Structure formats: structure tokens, C-alpha cells
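In the two complexes that follow, chain A is the common piece, with chain B as its partner first and chain C second.
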Partner chain A sequence: MALRQTKNSPTRGLLPRLEAWLEHRAGAVFLWPAVVLMLALAIFPLLASIYLSLSRIQFRAGEVSFRFVGWANYQKLLFGSEQTHFLGVAKALPPLGWLVFAGVLGLLLGWILRHLRRKGSLGGLLYRIGVSALVGFLVWSLLSRLAGQPGTVQTTLVYVLFGTAMQYLLGLGLALLCAQKLPGIRFFRVIYLLPLAITPVGVAYMFRMLTDTGRGPLSPLWNVLGLSNFSWVNDPWGARFAVMIGDIWQWTPFMFIVLLAAVQSLPQEQIEAAVVDGANRIQTFVHIVFPYLIPVSASLLLIRLIEAFKIVDLPNVLTNGGPGTATESMTLQAFFAWRTLDLGGAAAIAFLLLILVSLIVTLYANGVVARVRRD
Partner chain B sequence: MRRDSPHAPSLSSKVLSYVALVAWGAVVLFPIYWLIVTSLKEPIDVFEGPKYLPWIDFNPSPHAWNYVFGTLGPSIAHAYRNTVVVALASSLLTLLLGTMAAYGLTRFTYRPRVGLILGFIGCVLLAVGLSVLEVPWQLSLVIALALYGVVVQTLGKRFQRALSNNDIAFWMISNRILPPVVVVIPLYVLYQQVGLLDTPVALILTYTATNLPIAVWLMRDYFSSIPLELEECAQIDGAGRFRIFGSIVLPLALPGIVATFLLVLVFAWNEYLVALFLSKANAQTMPLMVSAMSGTRGTEWWYMSVVILIMILPVIVLAILLERYIQRGLLVGAVKG
Partner chain C sequence: MLSNPLAKTVAFTATALVATLGLAQKPYAGLEATVLTFTGPQIAEPLQRRAPEFEAKTGGKIKVVTVPFSDLYQQILTDGTTGTNSYQAWVFAPQWLADFVPAGIIEDLSAKVAASKDIQWNDIAPFFRDFSATYGGKIYTVPLDGDFQMVYYRTDVLQRLNLKPPQTWDDYLAIAKAANGKPWSPDGKPIYGSCIAKKRNAQSYWMFTSILGGYVQSQGTKQGAFFDTTTMKPLVKNEAFAEALRIYKETTRYGPPDELNLDVGDTRGLFTAGRCALSVDWGDIGPLSVDPKTSKVKDKVGAVILPGSRKVLDRASGKLVDCNAQRCPYAINGVNRAPYAAFGGWSGGINAKADPKTQQMLFDFFAYMSAPAQSGKDVTIGITGFNPYRISHFKNLNNWVAAGFSPAGAKNYLGAIEASLNSPNMILDLRIPKNQQYQQVVLDKALSQFLAGEINAQQTMDQIDSGWEEITNAEGRDAQLKAYRLTLSIDK
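Now for the complex of A and B:
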């Protein structure tokens, strides 16, 4: 009854007319509310912070003065006094570093050669060479700084790459485990969400308690291992791992819950058909489950990648960025600058972060997301 | 109709599964156990080194709970109410706008003209320029809007180049790249101008706008995995777009909707930096209370643990209530053939 009404309703009277108009413009009605709200709250902050990044702000006796200084804030970070802090110091690669770099170069070369063998277009070739040069440069600069002294850029990249990969793998494993029909599984599903429920600042303080080698709950363990005088936060890599462990603990549930919902909506018929054909668990996973999860995974990794670049609470509370600047992320550097009222410097760091993330996200989106969503 | 998993798990794989489940369960629960124990400790028990078991290692005392519910009671209750209002309102709004936009992006083709977008950017810059030149911002907004109307009628029809749905989605997610540290100051000025500073509305709007991209991206994937046949059938039967959306698509995407809801809810529930800036006494939220426990007297772990624990509790309850909807089999048998 109700269904037929819309079809035959005469377009007279205000309400039916409005309804017909809405129906006609359905596409716009679905999309526009979200776009308008986002535009309203995105444009002004974006423009204002661009302006901030190009100026020097001084607070004097209740008065704020802006002075336009052009690229000075960026100059300082990229070439000036903050360069080693921001970009680190490069050193010749150790053998392992060369091995990794050679591996990456090999992959890029193979990608270009495949294009040549398929007799692809010249534009495609130039695009691939450009992308390869860019990726090669990024990888080389990351590796050489890790061998020397990483700046906040490299530290952030380590957090992002390692953290996101671990979170995804753990989240996927847990989602598959929890998709089984086992007694008591619902208990695990709920408790696995717990870390997400704690406010990030709270997580950071909590991990400060837990990683305390003297008074923390794990201190007997450190004593047994003869590390009682060792402090996570005095060893650069130890401190970085402490931060990453906290990050992984907190954000694995994010991957977990999204992947669980995706696994739960898997078309069961296909799996059953595969089982009837004699596929085992691993085969079902590789050929049916995982391909089904690829689009969700691609978006999930993209979202998490973007979020991970903004890591700030954990290094701030856990190590205060130290020892030295070993655990300082880009956002934390911006936060420190901002706390000393250097708003221009903070905005400049944020915009360099924006450029770096946009670059990586674009590469990722063109290389991965576009491909998996082509169907 | 629900069916059991096609792979009936063998005993050994069951045991392995439980080992893995319990192992990660311990990793997740131990820090929270430590919070609970810490909340029952006197300061001296915290500083004397690790004490694990109440009544055995140390004498539990409710002093921290008494303090938080007694002395801090009124301000905690106020912050709690704010957090509930802000988180619920913003996550429901996010879910509504986000699912609609995501549905639009998976089922319609949008072709926003490049000319219109460039015109829009130009008009925004004009409005900003006028404001800088001391023209009242309301007036410059009106001028820019009027000019944009002209642009839509003239320039907009010239340029044929258009963007696609994917570009819109990327624009949305790119809004999340900029770290909040730099966005809060302009937002502060913005809300000050419209008189919404230190109100829950400011937080609700900000959280909705910042969480929308996540909702859109997640829901887009869930929607595109729903078979189109169902909607086509309904369309043939004469159902309108909104009816199809409300009574066919949304129920089918329920696991995804619930997962997305939980996520945007906890993001709004836990957000710290924006709340720090946009709220003072009136609209203060709970994350601010957590960090307030680390002040001039050092970090008061026992109080902080209590505050964190009472913040987690409702989220757990909600997760328990909603977890059942993230279940298998809603789509099973919906499409034949």
C-alpha cells in the first residue's frame, strides 16, 4: 500500500510537491548536508592557519600582534636552526640499510620494467619514473637518518609505518578469531574494544605507570632480566618502542571492530561452496575472505595512516619527547612550539606535515585504493 | 536463517583459538586491572613499588573514590553530563549525515564542476580579504555569497571539467590531516565571533565535522558490499530513494552502522585538545578532568585512575548492548541467486 502511494501520488499540495522535489534531487539531498557542515568548519581554520604559518605572533600586555614574515618559519625548519631537530642528520647506510634500500629499488625497477614490457604509454612511463624517484628519495632519506640521527619527521614515519602495520595485522587476526562461533566469544569481543574507550591522554598516563621500571607492575621482570637500572626512556629505541607499544595497544581495537563487522557480513554461500569443493581454511582465507576484505582494509589503513601521523599524547606524557628529541613526533614538535607561543612555527610544522601526509596519501590512494575500488 | 560456520572447528584449533584469545585478552585487561588496583591505593602504596593484590599486598582504601565523588563531585557530575550530551549528540548527527553522504557517494554519480569549485575558493578568499580590510565579517560573507551566485550562473556553465565521487571522498578525508594543534586557534576565533564559545553546541559541531570523514569512509565500504538487486527490486515496486535508504539499506548495513557509531562515539567521548580550547567552566568535558589530575602537586595516579575508570564504564555498557548487532548472517538469504 505504502509503496504504491508514492508512485501514483498527484503532485498537488505543498507536502507531496516537496516530497517529489526531494525525490528528484535525492543525490544532492544525501550528500550536501555533510559537505556544507564540513566546509563551514574547514575553510576558515585552514586559511587562518596558512596565514599564521607565514607570520610571527607576539603577545604583549594583553595585545596580540601579527607580523608577516613570509617563508621564515619554513626556512628555519628546512634549512635553518631547527633543521637537525626537524629533519635529522644523515649518515652513511650500514649494510642492512643498503639491503633494504636495494630491495625497495628493485621493486620500483620491476614496476617500471613491467610497464615497458607491456608497451605502455609514454605518459605512464614518465609517471612511474617520477613516482619511483620520489619513493626512492623518501626511503633513502628515512634510512640514512635512522642510521644517523632521526629528526621528528623520521620518528613520526617510524611510528606510523610500524604502528599501522602491527595494528592492522593484530586487528585482522583478532577479527578472524572473534568471527568464529565459540562459546564465550562475545566476552572477548567486548573486552577487545576496551582500549579504545580510554581517552588518549589517559592511555598515555597509564602507560607511564606501566613502563616505570622501578615502581611499575613489570619491575620484577626487569630485575630478573638484570635491567633494573635500565630505563625505557633513556634509551632512544627503547623509548620509541614504549611509545609504539602504547599506540598499538590503543589503536588495534579500531582495526579490530571495523574488520570484525566486515568479516561478519561476508557472503556465506561462497565460503560454503568453497568448502564443498574441498578448500581448507587457508585457501578459503586467501581466495575468498581476504579479497572480500581488501576494500575495507584499504580505507581502514588510509584512515589510520592519517590519524597515526598526528600522534602526540603518548610521546608527550610518556617521555616528554626525550631522551633528547628521540621520541618527538612532528605534532609534538608543533605542540611544543605552540606552548612557547610560537604559533607561526607550530603552524609551519603542521603545514609541512600536511604536505608530507598528502604526498604519502596520494601515492597510497593512486597505488592501492584506486586499484582495489576499480570494480 | 542462520547457519553455523562451514568449518566446524576441530578440537585442536579450538584450543589454539582460546589460547590466542586469552593471550590478547590479558594484554588488554592487565593495564585496566592496574588502573583498578591503583584507584584503591594510598599514595604510599603507589610510591613504594609494585603492589599487585589488594588485601594481600596492600590495604585497599576508597579514599580516591571518596575524593572524586565527594569533593570533586559537583564538577565531575557537570563534566560528565557535558560529555554525555556532546558525545551522544555529535555521534548521532555524524551517523545521520555520514550514512547519507556515504550512501550518496556509493549510489549516485556526482560531477562537481571545477569552475564552480575555483569560483567558490575565489569568493572565500574575497570574503577573507574583505574581513582583513575591516569590513564586518557578516557583510563580507553576504557579498561573497552574492558573488558566488553570479559565478554559478556564468562561470559554472563554461568549464566542463568535473570531479568524481572519489575526489569528494578524498577531499573529506583530507580534512583530517591537519593536526588539531593549529586548527584550534582559528576555531576559537570562529566560535567567539558567533558567540558559541564554551557551549556544548560548539563541541558538537566541531566533533561532527571532524568525525564525518571517518563515518563516510567506513560506511561507503559497507554500503558498496550490499547487493544492488534488492534496491532495484524495491525501486520497481515504486519505493522512493529515501524509503529504500531507510527501510532496506540501513537495516542491511546494521553491523557497519553499529561499528561506526561506536567509533565516532568514543572519538567524541575522548577528545581532548579541542575541548581544552573551546570550553572553559561551562562546557568542560571529562578528558579535561583526567589531565587535571596531573597538576601542580604532581600526577595523582589514584584520582586519575578513578576518573579514567568512570569514563570507561558507560562505553563498556554500550559496547555490551550493541555488540550483538555486529553479528553474522543479516545478509544470508536476502538475495536468491
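Now for the complex of A and C:
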């Protein structure tokens, strides 16, 4: 009777039916707004920029049109007139380069052998061989271009790898120092954070003045050191180091503040126990403090790695990408291409950067972050 | 308060009359327009200074917006073609007409020029009137500046060295080498032999073509200096280009340590501070050198037409060969010179989408700026960045003397520009579609890489050649060749 009543009276049955429908479709109902938002703000622009990278912009009477040119923009970067600019020019490795390359190959070989010794799966073995080949190629490519002429890809990698490593080491050092109970330490904590609050363009202008040996505020110092006729920006590596110093100065506080929080949350009992057992400071750091910081460090480096690939403001303002193209990062190259209305070329560079970042971040996440989480 | 109705009526009528008369005298009262140009102070300064004068006279308000030089081309093009039209007029390089006219964003000013008395069109030197301002037989811009590159030298330094102004680029290097490091700056500091702006993404790449010109073009303007006029192949992979690269790089040995990062503003500052023996620049250094506020080399500066070469390019073989009467018909004392009309002079153009009254107001503003009464003074002021381009600018020495030149100094300076302007072997700047890509992107980048030691001379030539060929192929070789021949007046 009740069932018949429900069937025959739609007003009474609507609410339960709606509830049942909502129950059944709750996932989709909650998900769709986010999906639509993602599609509108991320996926469609991504697809549009893929099309942009395969086209050339044209200005006709009162309108802008895009002509499909296939892979021409990628062809230009990888094999055409922009090849030396983008990929650099390789040269035979010097002895030090071979040493570094041999070291990396040794580590990769050891990684594969360890898997074999543990009698791991065939899939795991193929994965290790593939990753090793890729890493070996990237390292060789980087070293051979550093020995010859680095392109924007190698310059970006130098900024990212060297810069991030230095920022981490300095940030860790400062965090350990500021975790001590020293007089005036609060003041220094604030001071160390200041560079992070300054806009990158401001940092670039400041370093531009500091590196001006002739007219900058440090010119008396450069004079005393006999460097008044030296210019940081005339030498490619001098200019790259000037950019890296500025970048390190600005981003070390980011590492510092996160690591300081981690250091301050260290369980004191373990450290006290180690001291009671006779461990010195280095042993305490190696066996207790650093292992405790590894999970935080892994995530911190991942975030900074991704961010560092996008470096653009510092080389743009400090050196204008020069001398030549020595300090140009991939993002700055894309910006210059965009500025000259080569929108297709700029989009192609952006996509190649996306592939490079994804590759390195995946390698890092699989090789380091996942391992840290397992341990 | 007026209580009498008659008094009220009289007062109201008087006010209305005054207002009406005021409006009649100020035809553009209430109108406002935005003009875009590059971050100065040059060029922007006279526009900003003259705009309030124009407003007081006509009621029309002109707002000047500036962007870095490297952004100017794309700002104009994208603003117009996307229909944003934030700017009603621009002051820009007339070279870019080759892109702006086909894009339909710039207004044809032929009728306005014909109707205007203030502009005194025939007083503008024929080159700027008929080449810079005109495209496809129509007038699109009002010239505000005249541009030729020259060599500047310190007269006292050359006297001390017992040397004459450079006739060839080898002479230039010899003077630079001899002067470099001598303690002859006003404060006793060592001077640099040569100061040339070499910063990338700025206005430096024109200086290289100034060096190249005398080696690559010898048969007159129609021969062209950038491409072969029958095949549109770049005139790049040859001994002339290699020699110009060698000289360009060697000047860096006698320049300031950070020369690769110096823009024209920086080198001008160094020259007028007395730190340089030689410089290559547009006409700006002349007036700047007599500015009592900044110059320490007043009456110690000479200017000379760009040096040349005793050897020129044989285009068939790509080799440098000695000049003779056939190869170098315009040579003087065996030296072939090819003065370079670099850039073509800053010019005012009007947005085709601006409403007619605003267009007329902007034309009147540019005509006011260009009129001899205003421009005759502006070209004598260094900070304006404006150089002489009217016949009256060259004839009337009084303005120059009033600005601080000695009569001899003014004659020397104007003589160097006139010699360039009247040369039958003058190099016209590249004015074909995508000229900004050819020069400001491909040429500029390769030159800066070469100076930084990233690539050698052969790689530089290969890179420029392949980059230019890519643009030519993308735009269509026949269309580009036709445009190139048109600019050189080979075809009508």
C-alpha cells in the first residue's frame, strides 16, 4: 500500500528519489565543478598552447591569425637556426669532465648491480637500465656543453642544480646556527629572512649595482683588489655566477626557514642520549639530526627544483641574458621570443621546458622522495 | 550676488561669450589622446615637454606613455591588430611601416600633409620626406628626427697624438689603440680608445652595419647592403662581413670593461664625460657635448662621416678586392664610404582606428612638434634625441650657436650629417616585412654571442645567414624580394 502510494503520488516520492539520485551521483556532483574549473583554467589553455607551438602568428589588416606550421618551431629549436642557442655546442670532455661522468656512470652501474644481487624483477631491471641510460645521457649532454658552449637548456640546469644545492647547504647551515641559544639570535633570524621579502627585480638591480666595478657602491673595494677594469658581465661564466649568487642570496632564506622549523622540532631526548653515549657533534649530526631532516629536505628540494626552473627576472634585469646568450634561461629565451611576437617559438620552448621539468622531477620523486618515504 | 535681472542677463551673456570665444580658440578642448614611444629620456622628453604647450594652445591633451625600446614594436602591433587600441598615436622607427601598413593599423596622412601649412613639408629634407615618411607612395608618418650614424672624436686627443680623423676603419682602430689608456680625461683618469654601445636587446646592432657598410656597398644606394637584389640571398657569408666582424670585435679591446652591457645612453655619458677618444653614434653626441650641465668636452668634439674601406666586396666571389674607378665610383681618395641611414629617424604615426577629430588633433600635435620654430630648437638640445632633418636646421646656424656650439663646431657637426645625407652611396636601412626579426632578433643575437666569445666569426655568419633565410622562406622569397627592391627604388 505504502509502495503504491509512493508510486501514485509523485510529490511524496520526489524527495526520496532525489536523495537516492544524489547518493548515487554524489561523487560526480562534487567532482564536476572542480573538473570544469580545471578544464577551463588548465587543460584548455594547455591544449591551446600546444596548437600555438605548432603555428606561426600573422598580422593582417585589422586581425591576428595563426597559421599551422607543424613541427617547424620545434625543428628550429632542435635542429635549425636556434639549435646552438637552445642546445648549445658540445665539445670533447676535459679530464675533470670525464672524471665526473665516470663517477655518475659508476653510481648508476652500482644501482643496477644492487638490483641484480637482490634478484629483483625483470621489470625493475628494465626500469633501472632505462633510467640509467636517460640520466647518463643528460649528464653527458650537460658536461659536454659546459665544456663547449652551453645553450639555454644547460644554463637553466646549472642554475637549478648548482643553485638549489647551494641554497640547501647554506640554508641548513644557517638553520643549525639559528637553532642554537645564542644572544641576539632572534634579530638574525629576521635578517636572514629579508631577501625573501624583496622582489626579484629589486634583487637583480641591487646585484647589478654591486657587480658594477667602475661605478657601483663597491667600486673602491674592486679598485683595491685591482679589479676596476674587470667586468662580471663581459665573461660568460662571470655573468652566470653573478646571476647564481643573486639567486642563492634570494632563495636561501626559503630553505632556512623550513629547515629551522624542522631543526627546532628535533626530539631532544635522542640528542641527549647520544651525548650521554659519548657522540661528538659531527656524529650527532650525521646519525640523528640529518636523518631526521631527510623527509623535510626531500620535499623542500622538490618544491625548490620546480620553482628554480622558472628563473627569468634575475638574468633579465641583471645581465639582459648576456653577454651574448650566456645567462639566458629557457624561460628567458621564451620571454624574448614572445616579446618579438614569435608566439609559436615561445610556446615550443615552454613545452620543451615542461618536458624537461617533468622528466627531472619524476626522476627525483621516484629516486629520492619515494625512497625516503619507504625508509 | 546679482539681484538685478538685467545685470544677471548681462553677466550670463558675457560668460557665455567668453566661453564660446575660448572654445573657438581651442579647437580640441576636452579631447585627450595617448601617444606611445620608448623609455627615454630621449624622444619622450620633447614629447612630454611640448604636450602642455600644445594643450595650452589648442586645448587638446596629449598623454605620453613609454615602454622599453625592445617592447615598442610588438606593443604597437599587438595593440592595433587585436583591436585594443590603447594608443591613438605612436612615435616609432619608420622601418616598421613595412609591417604596420599591411596590418592596416596606421592612418594615411597624405591628405592631412597636403592640407597643412604649419608642417612646412617641403622644408623637410627629401630623404626623410620621400623615404622615411612614405610607404607605397603614401605618407604615413611625420618626421621628428633625422638619423645618420657618424664617428665622433675628441679633437684634443687627436691633436696630442698628431693624428687626423679616421678615413678608414683601420684608421679608427689605430687611433683607438694609440689613445687607449692615456690619462687624458678631464679628471686625469685613463681614457678608453673607443666607446660603442654593444648591449643586446637595445639599439646596438646598427653600429655593426655602420662598420660593414663601406665594405659591402660601393655601387650606390640601389646596390643594397643586406640582400642580393636578384635572389634575396643574405650578403652575409663573405669576406666583407668577416672583416667587419673582426673590426667590431677589436674595438672592444679599447673600450670600457663593461662595453657589452652599455646602451647608447651609457656610451654618450662616457663620451661627454671625457672618457672616450672615439665613438660611433647618431647625431646626439653633438648637442650633448655642448650641454654645460653634463659635458666636460665642450668645444673638444669633432664629427666625421662614417669611415670606409679601400677594399670592397666582390659579390660574385665573396672576396674583398681593391677599390678602383669601376668598383668604387663614389670613393674619395680611394676610400669607399657608405653612410648608414640607421633607423631612419623617430617619426609620429597615427592609429587608423582613432576617431577623425582625435586623428586631426594628433596630426596637428606632430606638425607642431615638427614645425621649424619648435624642431629648430629641439634638435640642438642633446636630451631630446632629435637630430637635424629639415633644410632649415642645416641652414640656420643661430640656433646651434645659441645652444652653445661654436660656429666652427656647428659647421663641423652639421657638415658630417650633410655629407652623409648627400652621399649617393648612402645605405638605406632595411624596410621590408619582418625587418625587426631580421635585425633586432637574428642579427642582434648573433652579434652579441660573437662579442661574448660564444661563437666565432664563421659561426656568426652561418647563424645570421640561416636565420635570415628562415624568415625569408617563411614570409615568401618573392614577396620579400619585391619589397626589398621597392625600398631601394629598383622597381617602381
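Going forward, the second predicted complex is superposed on the first by the 328 of 375 C-alpha atoms of A that agree within 3 Å, B and C clash if a C-alpha of one lies under 4 Å from a C-alpha of the other, contacts with A are read in each partner's own complex, and residues count from 1 in each chain.
We take it that a residue touches a chain if its C-beta (ideal position, glycine included) is under 8 Å from a C-beta of that chain, and two chains touch if they have at least 3 such contacts.
All values reported here derive from a predicted model rather than from experimental measurement.
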item: Which of chain B and chain C A:G214 touches, first, second, both or neither; value: both
item: Partner chain(s) touched by A:V275 [first = chain B, second = chain C, both, neither]; value: first
item: Which superposed partner A:V64 touches (first chain B, second chain C, both, neither); value: second
item: Partner chain(s) touched by A:L177 [first = chain B, second = chain C, both, neither]; value: first
item: Contact breadth on chain A, by residue count: chain C or chain B; value: B
item: Touching both chain C and chain B, counted on chain A across the two superposed complexes; value: 214
item: Of all residues in chain C, those that touch chain A in their complex; value: 70-71, 73-74, 77-78, 81-83, 99, 102-105, 199-202, 256-261, 436-437, 440-442, 445, 448-455, 459, 463, 466-467, 470, 474
item: Partner chain A, residues of chain B touching it in the complex; value: 3-7, 9, 14, 17-18, 20-21, 24-25, 27-32, 34-35, 38, 46-50, 52, 97-98, 100-101, 103-105, 108-110, 124-125, 128, 166, 168, 170, 172-183, 185-187, 189-190, 205-206, 208-210, 212-214, 216-218, 220-222, 224-225, 234, 237-243, 245, 255-256, 258-259, 262-263, 266, 269-270, 272, 286-287, 290-291, 294, 299, 301, 304, 307-308, 311-312, 315-316, 319-320, 323-324, 326-332
item: Contact footprint of chain B on chain A as seen in their complex; value: 2-4, 6-7, 19, 22-23, 26-27, 29-31, 33-35, 37-38, 40-49, 52-53, 170, 173-174, 177-182, 185-186, 188-202, 205-210, 214-220, 249, 254, 257-258, 260-262, 264-269, 271-272, 275, 281, 284, 292, 295-296, 299-300, 302-303, 306-307, 309-310, 312-313, 330-331, 334-335, 338, 343, 346-347, 350-351, 353-354, 357-358, 361, 365, 370, 373
item: Complex contact set, residues of chain A against chain C; value: 56, 59-64, 76, 80-81, 84-85, 89, 149, 212-214, 229-231, 233-234, 236, 319-326, 336, 339-342
